[in-house]
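Heads up, the thing below is written out as structure tokens.
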Amino acid sequence: MIDVQLMGLLNATLQAATLLFIAALGELITEKSGILNLGVEGMISVGAVSGFITAINTESLFLAVIVGVLSASAFSSIHAFVTVVLKQDQTVSGLILTILGLSLSSLIGKPYVGKKLEVKLESLIDIAEPSNIFQVLLNQNLIFYIAILLMIFTAYILKKTMFGRRIEAIGEDLKSADSMMIFTAYILKKTMFGRRIEAIGEDLKSADSMGLKIAKTQFIATCVGGAFAGLSGVYLTLSYVPYWTDGMTSGRGWIALALVIFGGWKPYRTAFGALLFGFLEALGPRLQTYGFEMSPYIVKITPYIITILVLVFLTIIKNGNTGAPKNIGIPFFRENR
Amino acid sequence: MNKYILSKKLYRNELATFYSFLIGFLIAIAVGSLILFIQEKNPFDVFSLMLKLSIGSVNSLSNSLNKAIPLILAGLGISIINSVKLWNIGAEGQIFMGAIALNFVYINTSINNSQIYILLLLVSGFLGGAFCILFPAITKVLFGVNEIITTLLTNYIVFGLTIYLINGAWKDPASLNFPAAAYVSESVYLPTVLGKLSSGFLICILFTLIAYYIKDKSVFGYEMRIAGGSELTAIYAGISAKQKAFFAMLIGGGFAGLAGAIELLSQTHRVSTGISQGFGYTAIIVAAITGMRPIGIFLVGCLFGALTIGGSVIQTIGVSSYIAEIIQATTLFGALVAQFFFSYEILKKDEND
Amino acid sequence: MGEVKTSNFKKDNKKGDVKLEVKDISLTNGEQLKSLDNISFSIQSGEILGVAGVSGNGQVELANVICGIEKEFQGRVLINSQDVSKKGVKSRKKLSLSYIPENRLGVGLAPGVSVLDNSAIKEYFKASYGPHLSKGKMVGYLNDLIKQFAIKAPDVKAEISTLSGGNMQKLLMGRELISNPEVIVAAQPTRGLDVSAVEAIHKLIISQRDKGSAVLLISEDLDELFKLSNRIIVLYEGKVVKEVEIDSATIETIGYAMAGINE
């Protein structure tokens, strides 16, 4: 006899975890390529609001998901441009995008606050009170399964494919730095300073292509990260909490960032971390039913406290070697001798 | 054979940061106008109304400058911490903690002399902010824990603590639907000068000069710069980078805590969720735009204060107040883009060099 | 091959008191490996002791121990017959020790920091009155450096890496040498520099030696060692495997010793 309440807890855990995990997975990919994107919170918000608005206006969930994912990705491409091409400070750029993302979504979402969705992301099989694990699993909706697929897919890509290994190499290998600048010069020549197009010799081409690969990879990795964040946002407003209000992301983007560190930049471990944090989030409101008398306000902040403690603990035992990609946060520069 | 190389400019224009700011601001206005167009509002009307109601009268100017106080103080704190190349994303939480600390001291003490009491309360606010950043500071210095995440997550914790307090132990029974703590007595309100301008603004000016001195003219500031450049160089120079980082963070946190204390004593007069409306985050933008320069932070802070006031009043004509925030964020954004062009140049490099 | 390159640099040999002495220095790194194994030598005033060896055989560790950056070691370091083994970097510098690290930009000079700030790293406390730092004094001090060492630094507020490698090294060395230190530790001082810069740096080292400094010159460049040193020791796997006067040294024997080959 498995407690129905326990199953309810598991149900909520999986949902909360999915939300966190997708965003964290996206950021994992971005960071692996060496770009730190602090704008995750803003991107989730952008994806959430645009998906919601699309759903309300078109009643098509499919379209809503697409729009949510693409808009967040487009938003993250701004970060990609500023950090990869213009090589500006990644911390500042990410922070601005968080603020911009949050205010833009509040701005756009204002007229939609309080609106009810006619369509909602349905579970695979709708079960009101799941009473065993299988029923819980079946009660999840499509995005949950997409998340699992993404996890396996990402892990595979990072380890087994050329593209993935290139991402990792860029994150670790600084020698490619030189070529980055040549790439940028190349881009600027072709697009902005068309008048200055000159014949490019053979030597330049080979250096170019290497530099091209770095920049392209980082750019793509950042946009993919944004897309994932968008998907997470869509999940938020179309399923988890099916409406829109200001600030509904509640710092989940930041927890996702911490999750990436917690997961040591490995997809499966990150999933485990997401489950843990999802559990905490789901546990909160249920504590009273298990007999814990704690102010709901304090309970609400336990996930953040736990996150910090876990982060500190991890950093200590890893002795500073948290497994972060070596080149993270460093724009590619040629060292002046 | 000619190569084109992107290289860092040797001589950076001294005013590059300022020009970048102007360019960024113009871009932001343009983006703002675009958004207004889309919302079928005339940008010119909106902006002139914003101007008029933010700096058009002594009254509104005072409001704007009052709004600027927390932005400036928190921004100064952020700039001090950035001297050692660390980021304080926790200003928002430190502001609240400053208010909480003040209230805590207020509830448990009683001093007859108003001025001394106010001074004590302000100091408590400063210490509260420093206390708030203590954990991130210690973990950063001792274990190298990422301070961006720790300071940020602390924001949520402190905010939760605030809600807990104003709904529980500190709840003012009179504040039914909008829970908040009890008002502090009028005797400790910060006096105003020149009408509605809070004397907190004078404190602001003072602390701007203090921050400027610390960063620019003091030995401590120099040591922070070296430590921020490279911890190895600091060791080589006999400077304890860890010590500098620790104190920089505490001081920076204190600045933000002070902002919270001033907000309480001059604006809200009690602990409530209205102590800060994102000031801690906007302050990051203010600090970053000016390249972490205290004097610039003061000026940009005033500008952003006016923007925020302008943003809140245009709600009356149906424009979302978020326009102001978007303009602020886009200004920094445009400045970042502009800075690229000031910092880098395309050089022709001869193959045979 | 096998030729000893003499130059007129070594003709003046005014040696004096022992300025730097290291006794039985041993250092174990994290993995229980000895990065320094029982090293002892001394340098007299007016003498350049060259340290030959392939990078990674203990040079950096040796320099760090002598200069006070590395404190967990066995043995003793004496400057001017004073035991400084327990003393920190600043105190050793005050005892007239200067260190020119091989990591020019990263240790010796702070990246992301201005030329002006970098120039004051050694003696900034001389430009300060209590907590106040006098920029005027700093600028004056930097101008002295620029004049004396022919450094090309057009914008002193610019970031340090805007200087060429040679000028950065000149700034670094000038900063460390202008006070005529009695003991100088120089690690790979001419790595990556062009010919004229190398020449200028060599002249600097020689003139310091002639002023009476004791110089520990760590270099991978055998030509440089032969050109400048009075004596050469070879470091191999943390041990001193050879010690010879320059007149009796050959490139062959030094080379073999560097490779760990016992003749």
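Letters A, B and C mark the chains in the order given here, with residues in each chain numbered from 1 onward.
Everything that follows uses one rule, which is that contacts are C-beta pairs under 8 Å (C-beta built on N, C-alpha and C of every residue); 3 or more make two chains touch, one makes a residue touch a chain.
What you are looking at is a predicted structure, and each value in this text was computed from that prediction instead of being measured.
Q: Need the most distant chain from subunit C, centre defined as the mean of C-alpha atoms.
A: Max centre-to-centre separation from subunit C belongs to A.
Q: Comparing B-C against A-B, which pair counts more contacting C-beta pairs?
A: Spelling it out, more C-beta pairs touch across A-B than across the other pair.
Q: Could you name the chain whose Cα mean is nearest to the mean of all protein Cα atoms here?
A: Of all chains shown, the one whose C-alpha centroid lies nearest the global centroid is B.
Q: Could you give the separation in Å between the centres of subunit A and subunit C, each centre being the mean of its C-alpha atoms?
A: Roughly 49 Å, centre to centre.
Q: Using CA atom averages as chain centres, what separation in Å is found between subunit A and subunit B?
A: Between these chains, centre-to-centre, one finds 27 Å.
Q: Using mean C-alpha positions as chain centres, tell me how far subunit B is from subunit C in Å, no decimals.
A: 45
Q: Using the touch definition from the top, which residues of subunit B touch two or more other chains?
A: 8
Q: By residue number and range, which residues of subunit C touch two or more other chains?
A: 161-162
Q: On subunit A, where are the residues touching two or more other chains?
A: Nothing qualifies.
Q: Hey, which residues of subunit B end up touching subunit C in the complex?
A: 8, 10-12, 14, 85, 217-222, 225-226, 228-230, 232-238
Q: Along subunit A, where are the residues that touch subunit B in the complex?
A: By the definition above, subunit A touches subunit B via 38, 82, 86-89, 91-93, 95-96, 99-100, 103-104, 106-107, 110, 181-182, 184-186, 188-189, 193, 196, 198, 201, 203-204, 250-251, 254-255, 257-258, 261, 295, 297-298, 300-301, 304-305, 307-308, 311-312, 315-316, 320, 333-334.
Q: In their shared complex, at which residues does subunit B touch subunit A?
A: Contacts found on subunit B: 1-8, 35, 87, 89, 135, 139, 143-146, 148-150, 152-157, 160-161, 163-164, 167-168, 281-282, 284-285, 288, 320, 322-323, 325-326, 328-330, 332-333, 336-337, 339-340, 344, 346, 351.
Q: In the complex of these two chains, what residues of subunit C are touching subunit B?
A: Spelled out, the residues of subunit C in touch with subunit B are 67, 69, 88-90, 93, 99, 101, 103, 106-113, 117, 120-122, 124-125, 128, 130-133, 135, 154-155, 157-159, 161-162.
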